[in-house]
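Paired with chain B in one complex and with chain C in the other, chain A is shared by the two complexes that follow.
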Partner chain A sequence: MRWLRPAILAALLAVTGYPLVWMTFSALRTEGDLRAQPFALPMRPSWENYRAVFAGAGFGRAYVNSLLVACAAVAVSTGAAAAAAFAFARMRFRGREALFLLFLAGMIIPPHVTLISLNRLMGPGGLDLKDTYLALIGPYAGFALPMSVLILRTAFEEMPRDLEDAARLDGCGAFGIFWHVALPLARPALATVVIFNALTIWNEFAFALTLVSDRGMRTLPLALWEFKGERGMMLGQTCAALCLAVLPLLAVYFAAQRQMIRGLTAGAVKG
Partner chain B sequence: MAGVSLAKVRKTYPGGAAAVHEMSLEIADREFVVLVGPSGCGKTTLLRMIAGLETPTAGEVLIGGRPVNGVAPKDRDIAMVFQNYAIYPHMTVYDNLAFGLRRRGVPPEEADRRVREAAGILGIDALLDRRPRALSGGQRQRVAVGRAIVREPKVFLFDEPLSNLDARLRVEMRKEIKLLHRRLQTTMLYVTHDQVEAMTLGERVCVMNAGRIEQSGAPLEVYDNPATRFVAAFLGSPPMNFLPGRLRRSETRTLFEGRGFVLALPEGMTVGAEAFDLPVELGVRPEDLADDPQAAPQTFIPGAVELVEALGNEQLVHVLCGEARIISRREAHLRAPPGAAQRLVPRPDRLCLFRADSGSRLDARRRTPTP
Partner chain C sequence: MGSAEVSEGRSEAPRRDARPPGDGLRAGAQGDGLRAWLFVLPALAIYALFVLAPVADSFRMSLFHWSSAGATPEWVGTANFARLARDGVFWSALWHNGLLLGMSLAVQIPAALLLATLLSYPIRGRALFRTVFFAPMVMPSVAIAVLWSYVYLPEQGLLDGVIRLFNASFGGDWLGSPRTALACVFVTICWRFTGFYMVLFMAGIASIPEELYDAARMDGASEWECFRHITLPMLRPMIAVAATLCVIGSLKYFDLVYMMAQGAPEESRELLATYMYRLAFESGQGRFGYAAAVAVALFAVAFAVAGTVTWWSRRRDE
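Coming up: the complex of A and B.
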């Protein structure tokens, strides 16, 4: 059954890849052409859709907002998760396991259940953060924590004890071990966490819809949604906008996946 | 430069398992001491307590006369070489060596000088830009040793540093560590389960068993005069032969009654009266047994050759004596075909007697040193 595995993989690739290909091609075709023959190739590629996207109100602004919010939330959640995971993996303190379980419990809370209470919390009378970046960065980072802590704790637990001891003898305290030894060795896990969180946060819609009403503070998913609302679904423009929206994710993925290559710890200890 | 003292140090793990029983040990300045024992005997725990990586449950650790119980590992002025090398995989060899110096705020020029000097001593100058994964096992171990050298510590601690190397490399590194000690003139404490390393490296060996030091002394002295059956069995390869039996007094001599033979013990071997009521074990090393077909009654152990292992320079003759198996080490050219009857005559001045129950030594006489 040598052919089976490649065949399955090829089928999966077709299923996941085709919509992307169609999107890319459709972005380069005029609206009329697209309506007439939805599945044809772009014989005369046109950049008109892209021009229209940027000419429309607020797409560029939404793009910048999304970049800011996503970068900040990913940075905060990854940093906090790494520090917490290191403590859970390598330090002994009372209540460690209980606290860890509490972190994990965060994973069983469906984020949308918290929408109403978050809406109140962020609203006037609460933190009064609505229509600010912080209103999104906080919840995004918070909901990203449990999974990130889980992944990173496993990675930190894999660090050989001898390496930690060697670092202590070399003059490192807990933070030194974390910063100089544990973090660099956990790069594959960090990359996983960054990709995973970036993807989730970049695509998040419900929180953004609830916590942001100022048009100037909208994030990309909201802006994309409006392509449908305002213009009666301009297919070509929507595809162009989607193509642009995917770019940062691809960049993150390619930057991080090099780090995900296994075997980084080879040579630390015997073997 | 500094010595190390342990005063009634004890380590009990949560749950009550005692890794090290109350133990006292003095290591002189510049001495090379080897802690040897089977795995789980507490030797590594002891080393880690000296390094500050484990906290003693009781007792005091002193380095250079200074109590260091509450002192962080980095401030103890020691360096440690780990069994698994424990070099940082994400740093180059140079950075691995320099890391500890940078953490301590050693000026860059000084750090650079020390790194290059250590690399020169260990012959790894050409590898400074490489990462650990591009190194062989022996090279990684050199980096690990180098990281200890650059620190110029008062005390070197080695935790089974050669056990992951292949046999040839081990011999080579053993020699280098010995030369390193001569060159650096620093106190070194070396933990191993390998009795060959213990015999060849140390100026003094401490044989450990179940969290206690069974015997401590110069390697040959311990080899020749084991204080207990455990020490006798642990040092030496193949190990000492033990024959169970009882003691009986004849008119003139003390007799050892083994299973199926009687051996007259040499006159110089004095045994206390209590030994005659106990089951005992007679110990004799393989190299102290020779076959003599003309041996007189009560001077030999009878048996038959079971198999012969020819090692080239010598041979190990396995002899069945009733139920007991005895190994005799002989010159390579002496023929001993399987099944041949043997009269194994022990060298009278090199016999040991142990209590069968506790394993403690019964005869007061010291054996003459290995020729």
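Coming up: the complex of A and C.
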């Protein structure tokens, strides 16, 4: 029975990893080769598919768009969440518990429930922001708040009281304590929040699909989706596009997997 | 829900001081009042504008008949909900959400438990296993949908390719047939999320004291008995958290079902979220009022179930 455990694991590893390996190999094979023999190794690797993807699919622009949107939304939501969480953890005011519950409820709200109204809000009759970065940054930041507030509040509650008192003796006001004491102490929690939200926003699809129609403003998931619609029959090219979308992300994951796993799981479990 | 910290146990350092929670900054008898609100305001403004107001607006829109973006909404009271009650696709969508929930609980969590347990034994390359099993969690769901649509591609896909090794004329329309479409998407969903729960359980198992196992083995306990009487009870809180995440996640779910099951007939492919989305945004639809009614139903189901789960887990804790 000694071989049983590794055998089960290896089988599951093959099932999990196979589609990823197939994708990487297929991107390096020509279309004709793929049709004749879908499962062969890339004996003579060709970069033709990658060249075809870069010519005209607008992936570069989509990368930049995704990067801008994710950075802005994460910065805005993390900043706002940190301030609010600090008040929830270290200050006393009327309506604090009710307000905190209101934020918590956001974790149960199915995001798609808001799409119809957001579509109206961003439309010509409302803020008229469709096809701008702000149309995505706003809702992304809004939906990132509940989890961020919860995680950061826990972190701020753990801040030792002595530090706070010492800072006050040195003449720090509430903002000074927040900025010079609480934030540096909460760095691990901030990292968790940033990783969790950045990845969620980077991969988000449904909001982008409704709020962006201009080709130049597409995020990466949207570009990939439209690529499949236009050239999905070209197996090799689509696999190359998939690799372009996924491999950088997987590279970051392999490099910083400890932080990423903690960011994703701690983020979710706090919920 | 509790706030279990993963990977690193909560430090035992003084968590809060003797003073009651939140009695932080020195303040007058009324507390920090205005200053505290200034801290909360930015977050509240963003949250209200982009989350709360749209939710409220969806509730309002569900009382209107609004057939296209250009038309004027027309007040119809609860007519949309009356229609919903007779809408077969709506009920099938609700049923599919239930199926997804049941399947996630019955497949993903036990599979994750199995993987985490197998990886808790000394084994070469544990890091590699963990990395690969978790990798799908990091990928964008669009990429997963595109990739797996090639797995299920009739005749040329990876799945048919394997089957055709044994039966050369086989060709299944996996994602187009009403009988298999949703089941196939569910398999992909398991592929995506099982690694996530596995990592949760691995962290949980790592925090179980090794002495418990040593003592049990000394008393002649088998591996199965160790799992049954040590691992499982010690992991109980973690399993409860995972199950809660599973429940809430399956009610909200949208991505892979929307993207992969497009070709199947309506009654056999929708979840509440995807049905709502198609009613509002699919070309030739634009039934915003009716879609808002579906959104309200989805909202109500999510809160009812989440409330029940919270209430139930609290009662168990007491």
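A few notes on this one:
By definition in this document, the second predicted complex is superposed on the first by the 182 of 271 C-alpha atoms of A that agree within 3 Å, B and C clash if a C-alpha of one lies under 4 Å from a C-alpha of the other, contacts with A are read in each partner's own complex, and residues count from 1 in each chain.
One rule holds in what follows: contacts are C-beta pairs under 8 Å (C-beta built on N, C-alpha and C of every residue); 3 or more make two chains touch, one makes a residue touch a chain.
Just so it is clear, the structure is predicted and the values come from calculations on it, not from any experiment.
In the superposed pair of complexes, A:Cys172 makes contact with chain B only, with no contact to chain C.
Contacts of A:Ile109 after superposition on the shared chain: chain C is touched, whereas chain B is not. Look at A:Pro6: by the touch rule set out above, it reaches chain C but stays clear of chain B.
Of the two partner chains placed by the overlay, neither chain B nor chain C lies in contact with A:Val64. When chain B and chain C are set side by side, the one touching more residues of chain A is C. Once the two complexes are laid over each other on the shared chain, residue contacts for A:Leu163 go to chain B alone; chain C is not touched.
Of the two partner chains placed around the shared chain by superposition, chain C is the only one that A:Leu20 touches, whereas chain B remains out of contact. Contact with chain B, but none with chain C, is seen for A:Val181 once the two complexes are overlaid on the shared chain. By the document's definition of touching, of the two partners only chain C reaches A:Arg94; chain B does not.
Counting contacts by the rule stated earlier, residues 160, 168, 264-266, 268-270 of chain A appear in both its interface with chain B and its interface with chain C.
Residue ranges of chain C in contact with chain A, taken from their complex: 1, 3-8, 11, 13-17, 19, 21-27, 30-33, 35-37, 39-40, 42-44, 46-47, 49-55, 57-58, 61, 69, 114-115, 118-119, 121, 123, 128-129, 131-143, 146-151, 156, 158, 161, 191, 195-196, 199-200, 203, 241, 245, 248, 251-252, 254-255, 258-259, 272-273, 276-277, 280-281, 288, 291-292, 295-296, 298-299, 302-303, 306. Every residue of chain A that touches chain B in the complex is listed here, in rising order: 160, 162-163, 165-172, 176, 180-181, 184-185, 187, 263-270. For chain B in complex with chain A, the residues that touch the partner chain are 48, 51-53, 72-74, 78-80, 82-90, 99-100, 103-104, 131-135, 137, 140, 147, 164. Listing the residues of chain A that touch chain C in their complex gives 5-6, 8-9, 12-13, 15-20, 22-23, 35, 38-39, 76-77, 79-81, 83-84, 86-94, 96, 99, 102-103, 105-121, 123, 138-139, 141-143, 145-146, 149-150, 154, 157-158, 160-161, 164, 168, 174, 177-178, 199, 202-203, 205-206, 209-210, 220-222, 224-225, 228, 232, 235, 238, 242, 245-246, 249-250, 253-254, 257-258, 260-262, 264-266, 268-271.
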